[in-house]
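Quick heads-up: structures coming right below.
Paired with subunit B in one complex and with subunit C in the other, subunit A is shared by the two complexes that follow.
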Partner chain A sequence: MDKYSNLTKNAAGRTVPTIINGGEHIPFQGVGKYKPTGRKFGPKISSCADYPDDGNKTVENLKAALINSGLKDGMTISTHHHFRNGDLIANQIFDIANELGVKDLRWYPSASFPCQEGLIKYLEDGTINRIEGSMNGPLGRFTSQGKMKGMSILRSHGGRYQAVQDGEVQIDIAVIAAPTSDPFGNANGVDGPAACGLLGFALADSQYADKVIVVTDNLVPFPCIPWQIHGNYVDYVVKVDKVGLPERIISGTTQITKSPDRLLIAEITSKFCEAAGIIYDGFSYQAGAGGTSLSIGNYFGEILRKNKWKARFVRAGSNKYPVEMLEGGLIDYILDGQTFDLDGVRSMRENPNHVNTSPFTSYNYHGKGNFASMIDVVILGATEVDVNFNANVVTHSDGYMLHGIGGWQNCLFSKCTILPIPLFRDRIPVIREEVTTLVGPGELIDVIVTERGLAINPLRQDLIEKTKNSGLPIKTIGQLKDEAEAICGKPENIVLDDELVAAIKWVDGTVIDAVRKVPT
Partner chain B sequence: MDKYSNLTKNAAGRTVPTIINGGEHIPFQGVGKYKPTGRKFGPKISSCADYPDDGNKTVENLKAALINSGLKDGMTISTHHHFRNGDLIANQIFDIANELGVKDLRWYPSASFPCQEGLIKYLEDGTINRIEGSMNGPLGRFTSQGKMKGMSILRSHGGRYQAVQDGEVQIDIAVIAAPTSDPFGNANGVDGPAACGLLGFALADSQYADKVIVVTDNLVPFPCIPWQIHGNYVDYVVKVDKVGLPERIISGTTQITKSPDRLLIAEITSKFCEAAGIIYDGFSYQAGAGGTSLSIGNYFGEILRKNKWKARFVRAGSNKYPVEMLEGGLIDYILDGQTFDLDGVRSMRENPNHVNTSPFTSYNYHGKGNFASMIDVVILGATEVDVNFNANVVTHSDGYMLHGIGGWQNCLFSKCTILPIPLFRDRIPVIREEVTTLVGPGELIDVIVTERGLAINPLRQDLIEKTKNSGLPIKTIGQLKDEAEAICGKPENIVLDDELVAAIKWVDGTVIDAVRKVPT
Partner chain C sequence: MNNTACAGNRGKDIRSDCYVELEILPSGGIDINLTSKVEALYGKSIRKLVNKVLDYFEIQHAKILIEDAGALDFVLAARMEATVKKLIESDKDYLTPILPENKRDFAKDSFRFSRLYLPGNSPKLMLNAGIHHPDGVILDLEDSVAPDRKYEASFLVRNALRSVNFYGAEKMVRINQIPKGLDDLRFIVPNHVDHILIPKCESAEDIKWVNEVIDVHKKDHGIEKPIWLMPIIESAKGVMNAYEIANAAENVAAIAIGLEDYTADIGTMRTNEGTESFFARSMVVNAARAAGIQPIDSVFSDVSDMEALAKNVQQSKALGFDGMGCIHPRQIEVIHENFAPEEKEIEKAKKIVIAFKEAEAKGLGVVSLGSKMIDPPVVKRAEKTIKMAIETGKLDKSWTSSG
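What follows is the complex of A and B.
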C-alpha cells in the first residue's frame, strides 16, 4: 500500500493527498465550509449476557486483556496522554504485541512523549505501522526523516474526538491508564497514588472503541466515584503495580517567566486585552502552561483584582496559578482539560468548581457547538506566523515536526486569539513570508504580540478601532517581519523533500496541509 | 396501517405480534438468549458552523423551538418524567402541535402520569398516534379500552435506553425540562426553584435525538455546573416561567407503613435476608419508595447498626430514609436514578456520595454490563405472581394496564430479587395460576414474601439451604396460593378481548407479552 496518493491543492493552496494509508480524506475547504452529511459511528451493540453478573471484569494482566480483546495484525490501539511524560503503559502494550508477533498496528495516542522513544524499534520492525497523533521530540524526528512505514496523521484534540465520533478512525482496542478504577471499569484520574487529574482524552476511546481495557494501580470496590470513565463501556480491568508517574505530568516551565523579553510580551498582551475591553466582570480566558502564558494569567488576575471583577471561567490546562486564582475568588470555575501539575490534580479532586472536561465538551467541531468559541480570549503559542496571520505549531523552520497540535486549532475559534511570540528564536525570525506548515488559518488569528510591538489582523477592525489610542506599540505584521529581518537577516528558504511524512487535519477532519520529509 | 400483525408464540408461550405499528419486533427468546448483532444508532453528524459561536441557543418560546426543530406529522417526541406528577411541559408540547395542525405523533415519555390526562383529547383527535412508555392511571385506562390509534409499547427504563441506543426508536425531537440550564444547553436537576434531582432519564434522548430542546425556568450564565445534560447535544434552549412542580415529584406513600400486615411482610423480608447471609459489611440493596419497602430499608439499617456494618451502596429512588442512612454513616454511596422527595434532591445537590446515575449506567442490558446485576438484594412490588414465580407489574387482575414497568425488569437481575406482596388485595389473591401479563420471567424472581409466609424459588436451592433452620414461615408458592384461595375463594378467570392494545418489551428489546383490550 502506498503511504499516500492523489495529490491536490486544497482551499488554502496547500498540496495534500486525498488518499492516505489507503483511506480517503477530504481536502480543506475553508473555515466552516465543509459540512458533514453522514452519521456518527455506531459501535457494536453489546449484551450484558456476555459480561459477568457480579461486575468483576478483572483479568490477570495486560497481556491477557489484549489477547482477550483479540489483538491482531493491522488493528488500531489507542492510549491517552494524561500522564504526559510519565506514561508507563504504551510501551508495555507494544512490547506485548511484539512478543505475540503482531504486526502493522496503528497507534492512536491522544499525544506522544519522549518517554515513548522506545517505540521506535517497533516502528522499525513493523510491529507498528504508524502513529496517528502528535509526536513530540524523538518520535517526531524519526517521522520527519521519513522512517515511519505508514503516513502519520496529526489531529487536534477536538479533531481526534471528531475522527472517532465520525467513524474516520475506528479504534479496535483502547487501553486506558487509570489512577483509580473499580472491577467494573468505572475509573477516574483524581484519586490514587498516581492521580493525574482526569481522563477526558480517553472519553472518545471509551465510547467508541470495540474493546476497552482499563489499567490501574488503585483498584477500589465498586463504585469508583467519581466515574470519569463509565464502566459500562469497559471490557477488561487490569491491576498493575504502577500505572504512571504523576510527577512527570508537569508541563512547560510551570513557572512564571523571568525573561525580560517574555515579561514584556506578557505585559503588552494584557494591556492590549484591557485596552480592547476584552477583560470585564464575567469574562473568560484560556492560557497555556508556558512561562509567558502564566505571566499573562497573572496580569489578568491583577486587572480583575483592581476592578473587583471575577472571571466567569478559565479554560485550562491547570496548574497552581489558575488554582490560586480559583481559591482566591478571582474565578468562578476552572473548566479543565488536563492538569499540568499536582496542585491542579488536588484542586480538581477537592473543588467542585474545578470541573473536568473533555475534547467532546470543549473542542469537538462536529458537535452542536463547543466551549472553545465561547471564550473571550485565548493565548496560544506558535513556531511560525506568516504575513497573513497563518500560523504553524507543528514544525520548526528547519522542517522538523516536533510538536503536536493539542487543543491549539480548536482554541482558534475563541472571540479573540492572541499569539504572544518572540520576534525571533535563536536568531531565526518567527514571522515568515509563508509558514513551513499551515496549521491555523490566519482568518482565525487576531493578534500577534512580540517584544517589539503587536500586530492586529486587519480583519479585526473592531480591535484596531478600540486600541488605536491606547499608546500600545501597534504595528503591521509586515513591519514586525521587517524589524526581525533587519536584526537577523532574511531567513534562507529551507529545502525539504517532495516526500510527505504526515498529514495535518483541520478541526472538521479535512486535510489542511502535509509535512514534508527533512533531507537526511 | 394495522396496529399489529403476524402473531406468534414466544419462548415464554405468550402470543405476541412481530409487526407493531409497521415495524418489526423480535419475540422473547428466553433470558440472556437474544444476542444483538447490529451497531448502535448513529445520530446525524453536526457541525459547530451551524451553531452560534457565542453558545447562546435560546429561542423565544417552546413553539419557536419546536418549529425550528422541524416538527411535522409522524415524528417521535420524547420527554422525561423526573417531575413525575408535577410535569408541566408535555401538555404544552402537544397543545402546540395541535395548534400547528401536526398529526400522528408518537410520544415517547420515560413515564407518563395522571397530570398528562389532558393528552387524551389529542389521542382522540389524531394529534398523537400513540404513546410508547408507561401509562399510569387515566392514560392506561384509555389505552386498555382500545381507544389509542396506534399500539402502545411498554419498556423498562433500561429497555428505553436500549431501544434508543440500538436505533429501534429514533427520537426526532427531545424536550428536556431542566430545573437549571445555561444558554448553551448544559443542564441539571439539582439547582433552581424547580430542582427535581437529576435528569438521567433524558440522557439517551440528549445523546441520540435528532433535535434536542432544553426548557428551563432558571437560566444561568455559562457554565451550568454540574452539567448532567451536555449542551454539546442541545439545539435550542427555552426560558419559561415555571418548568415543573417539584412538590409533586413525591412518589408512593413516602412514609414507612403503619399497616400491621405490611410491617409483618417487611419484618419477614429483612429476617430472611439476614438468615440467608445476604446482609454483610459492604452489601448493597435497592428498595422502592412504597411503605413496605421503606420499612424494609429501616430494618436493614437496624441490622447494619447492630453489626457495626456499612452498606457499600444503595440503588435508589431516593427519599429521606436512605438519605438519613447516608448522612448517618450507614451507607457509603447512594446511586440514584430518580429523587422521590426534596430531601433526596437536597442530598444529591450537597453530598458527593449521593451520585446521579442514568438508565445507561444502571439498567441498559445492551451495555458491557450494568449496575443492576451487581446488587445483593432488590425489593420489588408486583400486581400478580404465578405459581412459577412469573410476575406482572403492568396490569391488574381485571386486565387494566395502570402501571409502567419502570426499572422493575432491570432490577430482576440482582443477586436476589424479593417481592414482598400481600397475599390478596381487595379480596383478590395476588398469587395466580397464571399472570394476566408476563412482565418478569420467574427464573429471575427468587423469593415471594407475604404476611402468611414466604416462598423461595426452587431454582435457588442455595437460599433454601441457608434458611431451612431459620424458623421463618417458609412455604411453597402453591401453599401460599391455596391459603389465599381458602380465604378469598378461587378467582374467576377474566375474559379479555382478543384485540391487543400494548406490547411489553423485555430488557433486550424482544417482545415478552402483549396486553389485551378490556371489554367495555
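What follows is the complex of A and C.
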C-alpha cells in the first residue's frame, strides 16, 4: 500500500493527497465550508449480559487486558496525554504488542511526548505502522525524516473527536491511564497519588472504541466519585504500581517569563486588548501555559483588578496562575481541558468552579456549537506567520515537524485571536512570505504582536478603528516582515523533499496541508 | 609562529553568537566547517560572509571551524576579524554597514534618565536592548568582559555601534580604566560612538588623555560629531576631585558615581538605604551642578525588587541626580517613571511658563504669579520640568495650545 496518492490542490492552494494510508480524505474547502451529512459513526453494540454482575472487571495485568481485547495486526490503539511527559502506559502497550509479535498498529494518541521516544524502535521494526496524533520532539523528527512506514495524520484536539465521530478513525482498543478507578471502570483524574486533573482527552475513546481498558494505580471500591469516565463504557480494569508521573505533567515553561523581551510582548498584548475594548466586566479568555501567555493572564488580572471587574470564565490549560485568579475572585469559572501543574489538579479537585471539560464541549466540529467560538480573546503561539496572517504551529522554518496542533486550530474560532510572538528567534524571522506548513488560515487570525510592534489583520477593520489612537506601535504585517529581514537578513528558500510524510487536518476533517520530508 | 586562533562563544545555552576557530595554512585553499542552527535558512549567506572576510584580509589558505547559534552578520564578522587579527597584522578593518539611525547626534544636555549596561562580548543582549527604550545603551568593555576576551569584544562593540539598531538610544561605550582604556578608543571613535564612559576616574588628567587620543582619531577619520564624556567616580580620591573632573573639558556632559567600588574603597558595605554614600553622592551632584553638567547615579543591583528600585530612584532624584544606570531592561520604566516630574510639579511649571510668556508678550521685565515675583532661575527650572514632562510622555507637546 502506498503511503498516499491522488495529489490535488485544495482551496488554500496547498498540494495534498486524497488517499492516505489507503483511506479516502477530502481536501480543505475553506473555513466552514465542509459539512458532512448522514449519521455519526456508531460504536459496537454491547450487552451487559457479557459483563460480570458484580461489576468487577479487573484482570491481572495490561498484557491480559490487551489479549482479552483481541489485540492483533493492523489495529488502532488509542491513549491520552493527560500525564504529558510523565506518561508510563503508552510505552508498555507497545512493549507488549512487540512481545506478542503484533505488527502494523496505528497509534492514536491525543498527543505524544519526548518520554515516548522509546517507541521509535517499534516504528522501525514495524510493530507500529504510524502515529496519528500531535507529535512533539524526537517522534516528530523521526517522522520528518521520512522514516515512518505509514503516513502520519495530525489533528487538533477537536479534530480528533470529529475523526472518531465521522468513523474516519475507528479505535479498536482504548487504553485509559486513570489516577483513580473502581473495579467497574468508573475513573477520574483528580484523586489518587498520580492525580493529573482530568481525563477529557479520553472521552471519545471511551465512548467509541470497541474495547476500553482502564489502567490505574489507585483502585477504590465502587463507586469512584466523581467519575469522569463512565464505567459503563469500560471492558477491563488493570491495577498497576504506578500509572504516571504527575510531577512531569509540568512540561515546557509553566512559569511567568522573566525575559524582558517576552514581558514586553505580553505588555503590548494586554494594552492592545484594553485599547480594543476586549476586556470588560464578564469577559472571557483563553491563554496557554507558555511563559508569555501566563504573563498576559497576569496583566489581564491587573486590568480586571483596576476596574473592579471579573472574568466570567477562563478556558485553560490551568496552572497556579489562573488558579490564583480564581481563588482571588477575579474569575468566576475555569473551564479546564488539561491541568498543567499540581495547583491546577488541586483546584479542580476542591473547587466546584474549576470545571473539567473535554474536546466535545470545547472544540468538537460535530457538536451543536462549542465553547471555543464563544471566547472573547484567545492567546496562541506559532512557529511562523505569513504576510497573509496564515500561521504554522507544526513545523519549524527548516521543515522539521516538532510540535503538535493541540487545541490551537479549534481556538482560532474565538472572537479575537492574538499571536504574541518574537519577531525573530535566534536569527530566524517568524514572519515569512509564506508559511512552511499551513495549519491555521489567516482569515481566522486577527493580531500578531511582536516586541517591535503589532499588526492587525486588515479583515478586522473594527479592531484597527478602535486602536488607531491608542499610541500602540501598530504596523502592517509587511512592515514587520521587512523589519525582521533587515535585522536577520533575507532567509534562503529551504529545500525539502517532494515526498510527503504527514497530513495536516483542518477542524472539519479535511486536509489543509501536507508536510514534506526533510532531506537528510 | 602560532597559526591558530579562536573567538566567540559556544555551548548549549549560547544564542545569537558563534564560535570561530581559524587556522591559517600555507596551501590547500579555504575549508569551512560550519555547523549552524540556521543552516537551512542562512547557510549560504554565512559561508559567503566568511569568504568575504577572508578575502578582505587576503587569506587564501585556511581551515575555519564555525559553531553558529544564530549569530547575525555583525557578530560573525566581528568574530572572524578577531581571529584573523590575532594571527596577522593588518591596518584594515572589516566594517559592517552603518545604519542611518545610528548616525544621529545627541546634545550635551540630552535626557539621560536611564542607561542600560550591556556586556560587550554578549551579542544576544544587544539585539533587543533598544526596544525597551532606555535613554542610553552602554556597550561595556570593562568589568563585564573577561580579561582574555577584551580584544574580541572590541570588534563586537565596534560592529554593534554601526549595525545594531538601538531605536534612538544614545550609544555609549564604557572603555577600560585609563591607561588601558585609551587603546579602546580606536575601535569606537571612528564608528559613531556618542558618549564614552571613563571608569574609575580620579583626576582631570584622565580626561585630558582621553581627549587627546579622541582628537587624534577624529582628525584621522575626519569626524566632526560631538563625542561626550561621562567620567565615573568610583573612589574616595575621585570624590575629592569631582569638581576638577566635571570641569576638565567642554565635552564632559555628565559625571556618574559607581557605588560598588566606592564603598569598597572607603572600607564599608553598600546598603539599600545608602547612608554610607550620602557624602559621595552629594559631592558628585554638587560638582556636576557647579560645572553645569548632569549628575548621574549608580546602578541599583537587585533586579527583582522593583519597589526598592522605585524608592532608590526617588531618593536619587531628591539628592539632585538627573539619571541612573540600569542592569536589566525591566528597570528602565521604573527609573523613567520616578525621575519624571510629578503631576504637581508639572502643573506649577505650566503656570510659571505661561506667566513668563505673558510677561514677555507684554514687554514686562518682571514675571509674577499671583502676588509672587518669579526669579529667572525659577522660570528656567519650570521650563526644564516642562521639557522633561513632554519627554516622558506626561505632557502633550501642544500643551500650550490646549491650555
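Note that the second predicted complex is superposed on the first by the 520 of 520 C-alpha atoms of A that agree within 3 Å, B and C clash if a C-alpha of one lies under 4 Å from a C-alpha of the other, contacts with A are read in each partner's own complex, and residues count from 1 in each chain.
What we mean here is this: contacts are C-beta pairs under 8 Å (C-beta built on N, C-alpha and C of every residue); 3 or more make two chains touch, one makes a residue touch a chain.
Remember, it's a predicted structure, so these values are computed and weren't measured experimentally.
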Side-by-side fit of subunit B and subunit C on subunit A, or clash: fit
Touching partner for A:Y365 - first (subunit B), second (subunit C), both, neither: first
Touched partner set for A:L264, first subunit B, second subunit C, both or neither: second
Which superposed partner A:R452 touches (first subunit B, second subunit C, both, neither): second
Touched partner set for A:G288, first subunit B, second subunit C, both or neither: neither
In the superposition, subunit B vs subunit C on subunit A residues touched: B
Partner chain in contact with A:I45 - subunit B first, subunit C second, else both or neither: first
Partner chain in contact with A:D235 - subunit B first, subunit C second, else both or neither: first
Contacts of A:G399 with subunit B and subunit C, given as first, second, both or neither: second
Subunit B versus subunit C as contact partner of A:I487, first or second or both or neither: second
Where subunit B and subunit C come nearest after superposition, their Cα distance in Å: 38
Sites on subunit B touched by subunit A in the complex: 32-55, 57, 165-167, 184-185, 212, 221-223, 225-227, 230-235, 282, 312-313, 333, 335, 352-353, 355, 360-361, 364-371, 373-374, 413, 415, 508
Residue numbers on subunit C that touch subunit A, as the complex places them: 15-16, 37-45, 69-73, 127-128, 131-132, 165, 328-330
Contact footprint of subunit C on subunit A as seen in their complex: 260-261, 263-264, 397-399, 425-428, 451-452, 487-489, 491-492, 494-495
